[in-house]
Amino acid sequence: MPHLLLIQCPDERGLIYKITAVLYGQGLNILRNDEFVEPEGNVFFMRTEFAGHFDAGALRAALAAALPAAAGIRLADGGPKNIVLLATKEHHCLSELLVRHAFSELNANILAVVSNHAVLGALTRKFDVPFHCLPHAGRSRAAHEAEVLAVLARHRPDFVVLAKYMRILSPGFVAPYTNRLVNIHHSFLPAFVGASPYAQAHARGVKIIGATAHFVNEQLDEGPIIAQRVIPTDHTRSAHEMAQAGRDVEKIVLARALQLVFDERVFVHRNKTIIFD
Amino acid sequence: MPHLLLIQCPDERGLIYKITAVLYGQGLNILRNDEFVEPEGNVFFMRTEFAGHFDAGALRAALAAALPAAAGIRLADGGPKNIVLLATKEHHCLSELLVRHAFSELNANILAVVSNHAVLGALTRKFDVPFHCLPHAGRSRAAHEAEVLAVLARHRPDFVVLAKYMRILSPGFVAPYTNRLVNIHHSFLPAFVGASPYAQAHARGVKIIGATAHFVNEQLDEGPIIAQRVIPTDHTRSAHEMAQAGRDVEKIVLARALQLVFDERVFVHRNKTIIFD
Amino acid sequence: MPHLLLIQCPDERGLIYKITAVLYGQGLNILRNDEFVEPEGNVFFMRTEFAGHFDAGALRAALAAALPAAAGIRLADGGPKNIVLLATKEHHCLSELLVRHAFSELNANILAVVSNHAVLGALTRKFDVPFHCLPHAGRSRAAHEAEVLAVLARHRPDFVVLAKYMRILSPGFVAPYTNRLVNIHHSFLPAFVGASPYAQAHARGVKIIGATAHFVNEQLDEGPIIAQRVIPTDHTRSAHEMAQAGRDVEKIVLARALQLVFDERVFVHRNKTIIFD
Amino acid sequence: MPHLLLIQCPDERGLIYKITAVLYGQGLNILRNDEFVEPEGNVFFMRTEFAGHFDAGALRAALAAALPAAAGIRLADGGPKNIVLLATKEHHCLSELLVRHAFSELNANILAVVSNHAVLGALTRKFDVPFHCLPHAGRSRAAHEAEVLAVLARHRPDFVVLAKYMRILSPGFVAPYTNRLVNIHHSFLPAFVGASPYAQAHARGVKIIGATAHFVNEQLDEGPIIAQRVIPTDHTRSAHEMAQAGRDVEKIVLARALQLVFDERVFVHRNKTIIFD
């Protein structure tokens, strides 16, 4: 597995030269390099896969010396992330991730599954993953979120994945997980934000339906989009059949988005993603 | 070219039997038959391609006798429709339709092109189609629409096609052309209604862009959808580049929708289409 | 669940009328009807979903009396099929089907999984499905196939599904399961028949890869195609990465094809499928 | 319009550093940079968009000094290419390119259209492009190709585009235009090489059809693939209808491939393309 260097900084002339000079100077070999300059904010992004032996502190110091003071410099190894999944009753996204996890295809360790219902416990336990059932019934939103946050705090995940978690999250829940909380929304955002997107899609008579994996921010369904996919539909499909067909898209697009995130291919800038795929 | 029978009526038991009994009784041969029952309103739709000699009055009378009183019964021949195109400055949809028309691929006669700018006149005249330049500058919306409607009234088209006509139409303009006015909207509706959808899509950071061909009703961009298509995009595309890439989708999806409409494959029911493709 | 009537017969004038007359005469209500006439062989296909009480013998007799002598007439109920899965080492198609089965989404009972390797046993047993490990090593093809056929004979499945079973089957194995043996081939057939399609695709430098679900006949990878899907690829993907990405398509297209088959939506005619979706 | 630097050379450590050092040293500003290392042959490819004033000879010399002796170094400006189109009777690809050319969307000057039939002459002349009708009837292949080559020699195009030119070209024709001769093949290669791909696709019963834009080499339909696209089809489509639907894909994928080629985004290596899109 190659090492990763991830840089985000104000653009200026010579950045690629300055960064690669540091790597070259330390005897490191670039295997793959991707750059992008976001033209509106004039921000430079670079993701470098490199090989060779190095001292992290020295490399970081050399890069910091070569780059603007505001530069974000991150060294990573692309290894498995620690994650917790939140789900409700629908199994398809959870199943997809549990199976990939079981066969070491997820680039993540699933530390636990948290659900506000019990129904997915049996599935989760088949795959030897801890299952926390935290019912919301009879609790205030704040109290329920506090319970979920307590479980998360115990597991200390790198990322939290909403695998069809059908509860709206308050800003206070979201804030500590900025750019670390991934959701799958069952529509082609920004079409059909909010509840029952397939019913909305059916009522509107669309000819294509889709799914969107995105980071969650304080506005429902408005965080940075990571991946989207669509499938055709037509007048013969009921809202229920659209939902069934949509599940195949949802689980694949969520798994795909997580692969991009866990492989350190996704930068977030303002409300958008820069993805070096 | 086969004959077409198009029926829309309240559903009841035996409709297919009753209709095909009439056709069989008159010695007519069904080449292709499509039916659909819309479950919410319990409405039956049928499109039949058939061959054989018949007396239209007698056939219609026999069908009317066999079907509920509220039945809509239409005989058609699927031959070319008479159409007028409205455009503004962008050429791509207009070019697409003019070229198809020139090679008899449109199943329509383009009677005229109307534009609120002069720029597309040269293109239109290359293909020997009359071009009416009706500038909106210096005119009220009502006065301008009256001029366009006067040209339409002179040509008496079966359908009016908004081939990137960038003016909002008032309900009074739309009403006489209910289900006969087709627009191409440069987004995947209902995402990004209204102006500058590519700029909206760019700002939202979507990973897929699209286009929607639809009938126009009194609410902007809210009429029955006929066809939609999408293409992937990413962070490297500016709004301008999205618009460029989107043009290829727009013209193809508009041409495709018109083919469906002109071939009598599209029923409109409430705010949706039933399409027998 | 509606009843199903499935008819395949030489085309002649009045077939829809004659069939629907029988249904109407017996007081049955058609919920959905699909027909197709294959123009080269002049063969008529019809799939009817209907509701009501009926005597199967009487209905069949009335239909037989109304239709050409050569007509194939089948009554079905669309209920779950009994199936056996064959797999080798790759889990993704097997996982997909086991999970759908566990949540009653497959419209099939998985009677057993047969594999020529042991590796998928643990997964299969998680879902309480019998697992038969029948290694091919040290056995002739004939001897190994006889063992597999013996297991199949014991389970008497309606359909056998090759869920990434990486052994070539002899005509003698295939023959008793004509139109009842479904395979997933990891390419967009007829491109890249045979072994290692992703390596072939990589070597050819294609920009799209795909998967094909098809009935197996005596010629490898040449049976009737049920469903195909594709995804884009590019020069940055190794053959290994293409294979990884392709798995998502393979499992979804296989599940989709099985849904069509188990729901009695697929007719086979010569080497093609007619699918009423 | 930015300047372009295109480099292809054996990979070694420090290439990006060495190249960007030269650009930085000459005061040039990199706007966009793409690199790829082809792992099998260990070949490095880089496409750089840069801005600033420079002396081409000096820049080339500095780069040559910094890079391996075998390095291919090319400076380009991304400006319009000079092209000649070859067509036969089908208009759709030719129309597409003529219209784009007329509206300055092709990044190319169409110097002439050559056809072995007269039928597309009227269309071509509408767009004020010279049309050479060179019938093949009554001529040997060699004699006919010599005539076409003579016209090409007169126009000295950068690229020759086969816009549905339905004649097989001999190796002697192709050789002088290596990597400068682009064809559109009406199938998803390598499926259905050779003649009548839609008839082949129909006979095989595929569920998806496509088109492939590729460079032509000495083996028919086996040159490096530039772009491919597909559309779904089903049992209801005749080979003729598949061909009709396929035309929309063909013309768009050809136009897209040409955009990539003319914008200097395509490297050819062995029998594949590396595309920096």
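By written order: A, B, C and D. Residues from 1 in each chain.
As a working rule, contacts are C-beta pairs under 8 Å (C-beta built on N, C-alpha and C of every residue); 3 or more make two chains touch, one makes a residue touch a chain.
This is a predicted model, so every value here is computed, not measured.
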Chain pair showing more contacts of the two, C-D and B-D: C-D
Homomeric contact chain A-chain D: same or different residue positions, threshold half: same
Chain C-chain D separation of Cα centroids, rounded to whole Å: 40
Centroid distance [mean C-alpha coordinates] between chain D and chain B, Å: 35
Residues within chain C bordering two or more other chains: 36
Chain D-touching residues of chain A, taken from the complex the two chains share: 13-14, 16-17, 20-21, 23-24, 29-37, 232
Residues of chain C touching chain A in the complex: 91-92, 95, 99, 102-103, 105, 123, 126-127, 244, 248, 252, 255-256
Of all residues in chain C, those that touch chain D in their complex: 36, 38-39, 188-192, 204-208, 210, 224-230, 234-236, 238, 271-275
